[in-house]
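Structures incoming, each one as structure tokens.
One chain, chain A, links the two complexes that follow: it is found with chain B in the first and with chain C in the second.
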Partner chain A sequence: MSKSIVSESQKQEYAKIATHFRPRPRLWRNIFWAFIVGGLICLIGQFILHFFLDKGMDVNTAGAATSAVLIFVATFLTGIGVYDEVSRFAGAGGIVPITGFANSMVAPAMEYRAEGLIFGVGHRLFTVAGPVLVWGIVTAWAIGILYYFFR
Partner chain B sequence: MAAPKKIGLQTVYFQTPPVIIAAASIVGPMEGEGPLSKYFDKILSDTYYGEKTWEKAEQRLMQDAMKKALQKANLQEKDIDFILAGDLLNQIVTSCYTARAMSIPFLGLYGACSTLYEGMAIGSMLIDGGFADRVMVAVSSHYSTAERQYRFPTELGVQRPMTAQWTVTGAGAALLAREGSGPVITHATIGRVIDMGEGDPQDMGAAMAPAAADTIKRHFLDTGRSPDHYDLIITGDLGAYGKILAEKLMNQNGYEVSERYTDCGILIFSGSQDVHAGGSGCACSAVVTCGYLLEQLKSKKYKRIIGIGTGALLSPCSIQQGETIPGIGHAVVFEAR
Partner chain C sequence: MEFLWAFIIGGALCVIGQLMMDLTGYKFTGAHVLVTFVCAGAVISALGLYQPLVNLAGAGATVPLSGFGHLLAQGAINGVNQKGLLGAFSGGVSSAAVGITAAVVFGYLAALIFKPRG
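This part shows the complex of A and B:
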């Protein structure tokens, strides 16, 4: 690897200055809005769940139906360009719920549509969600093995 | 024998200073809502610009900027000796694809967001060296094509840190000529690539500030000038925080610049536009220079300006492999005539 013409001590000195002037993230504001928006999404989910339970579904079926409705709504909002504005503002509040997962699938699908269905959408659909899926599944697998031996 | 037109280590001066006979700037809707809107030749109403993809829209932006510059100078394609153009996309495709529609010899450049200044420096060398009568320099960038290449799909919901900058959608073109009327380019200081170990692609101002400060220092050492020689010292796209760092470094080098120093990335947007640290991208320094700055020189509000185009020379791959971000700054001196 090629080395920089700048010495390590110069780099360290600059890093101090850069850190000193770098603005802090607006942590409390971000946490507050993440709580409000994320909580609101969960609240809406709860209403939908109860709606399905009232219609006579059992808990498992109603849960799946609720997820489907939330995913549809998030997908739709991504499609009309609203969801990214919500998450930009709400941060983790928009990213953590299942709606954020839907957004992370639809956004690349829209983005890479111009490159065709197979090598555009097909190839890139999981660019954002892929790492979450792969390591989520690997973790579930590891926990499953532990559970098998130590339950 | 030393090169006759080179002074010091990194600066060249032009015996017959090339004239910027025309310049054009086109911007997207958001830039059109910014404080400099009246200086731009055209403001798009939507970022697709009537095309199917943002990449095609960016090509059309660059092509229209070039055509507008030709039209302003009342010249034809055959009157231009070379096009020097560059952009941010892989293999500088915007420039290459735009050039296929122009029957002018083409040299592609890549200096990230410093490309306009790199082009003006090389274009001036071509003209003063006697290799060309007229050279077109053009660059472009597009928020959505840059986001897709460097960061995330545009519709993905992500929260941007306060240091993040907003890629300017737009294109700028400048026509340099041996003869004519307009502001002239008297000097250029070619930057060294400086990497201070900053690795956050969401804070490119911090990565580029040392390169800008290094080039400015070198310019003053090479020419024997001081900051008060210039009415305005302006960097390309350091943004609000990068500007603070550059100023700090210049002070450390013994140059007091505060009153006469600003940054194109700060000028192009207003604080209420939610762009965090300011504008970036090739078009940031390009539309501010081709629109606003040259107009200030023509009206003699400023007589001498030194502009430093700044570039962060990263790729998504280099960042993912844990590399830090090298920066560059090229300085060009403009004088009103």
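This part shows the complex of A and C:
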């Protein structure tokens, strides 16, 4: 029963042909759009940062406020479906900025909403954010501990 | 001038992320890129090399996720300075609290309000 109807050599032949026709990732185009879109998101962040600095906030508070605004905008744009359209050609340009972090939370949470508010939304919000927070918090903690003993 | 640097440095950091994915044939996913950026940002920050980038490029260095790592690491270091060993436990997350809470709250609300398309 388990005997396959296609032979091993046929599989290899197919793989060879499939590889030939698979669209090659267009490296330079990807780099170009990652740079432009990523740069623009940071430039927008810079404008927001200066808006808060002009309001008289100190650098840390203004930076936190900027993050909050960018995150809010990113969750909204993800909700109406715009962010993922941009990410499709911007690649890492839409992933690396904090807006991409927000997008990585909302997109799966929306997708699995039908599974309920706890296991759907509550769980899926952390599909990507979970690993990011775990690694980030552990790294920062380790840095703090090392700093405590070797400062 | 800081605005130009924000664009260039922010764009360059995203290109590094793009190369991580493209040069590994996308075995390295967006999630891998984000985790790498946070950890690398924290370590570079602890070595004292991230703050100069922030001074140069402002949001170009703080908006990419490596800036989130920088925030966590500096928070942990400041925490140790203020509270000793316990500060290593409280400093990182408390300095990143606004970002984390904003992402959870806005993310949750967006997932409730909007319907996925298609």
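Everything that follows uses one rule, which is that the second predicted complex is superposed on the first by the 127 of 151 C-alpha atoms of A that agree within 3 Å, B and C clash if a C-alpha of one lies under 4 Å from a C-alpha of the other, contacts with A are read in each partner's own complex, and residues count from 1 in each chain.
The rule we apply is simple: a contact is a pair of C-beta atoms (placed from the backbone, for glycine too) under 8 Å apart; a residue touches a chain by one contact, two chains touch by 3 or more.
This is a predicted model, so every value here is computed, not measured.
Regarding the shared-chain residue A:R88, is it in contact with chain B (first), chain C (second), both, or neither?
First partner only.
Is A:T78 touching anything from chain B or chain C once the two structures are fitted on A? First, second, both or neither.
It touches chain B and chain C both.
Counting only touches as set out at the top, which of chain B and chain C does A:Y14 meet: first, second, both, neither?
Touch partner of A:Y14: chain B, not chain C.
Between chain B and chain C, whom does A:C42 touch in the aligned arrangement: first, second, both, or neither?
second
With both structures placed on chain A, which of the two partners, chain B or chain C, ends up touching more residues of chain A?
Comparing touch counts on chain A for chain B and chain C gives C.
Going by the contact rule set out at the top, does A:V6 touch chain B (first), chain C (second), both, or neither?
In the superposition, A:V6 contacts chain B only.
On chain A, what residues does chain B touch that chain C touches as well?
25, 30, 78-79, 81, 91-92, 95, 100, 104, 106, 110-111, 127-128
Over in the complex, which chain A residues touch chain B? Could you list them?
Interface residues on the chain A side: 4-6, 10-11, 14-15, 17-18, 21-26, 30, 78-79, 81, 83-92, 94-95, 100, 103-104, 106-108, 110-112, 114, 127-128.
Could you please specify the touching residues of chain A with respect to chain C in the complex?
25, 27, 30-31, 34-43, 45-49, 60, 63-68, 70-72, 75-76, 78-81, 91-93, 95-102, 104-106, 109-111, 113, 117, 121-122, 124-125, 127-129, 131-133, 135-137, 139-141, 143-148, 151
If we count contacts the way the header does, which residues on chain B are in touch with chain A in the complex?
Residues 52-53, 55, 148, 152-163, 192-198, 203, 206, 210, 241, 244-245, 248-249, 324, 326 of chain B touch chain A in their complex.
Spell out the residues on chain C that touch chain A in their complex, using ranges where they run on.
Counting only chain C, the residues touching chain A are 2-3, 6-22, 25-26, 30-31, 33-35, 37-39, 42-43, 46, 57-60, 62-69, 71-73, 75-77, 79-80, 84-85, 87-89, 91-93, 95-96, 98-100, 102-104, 106-117.
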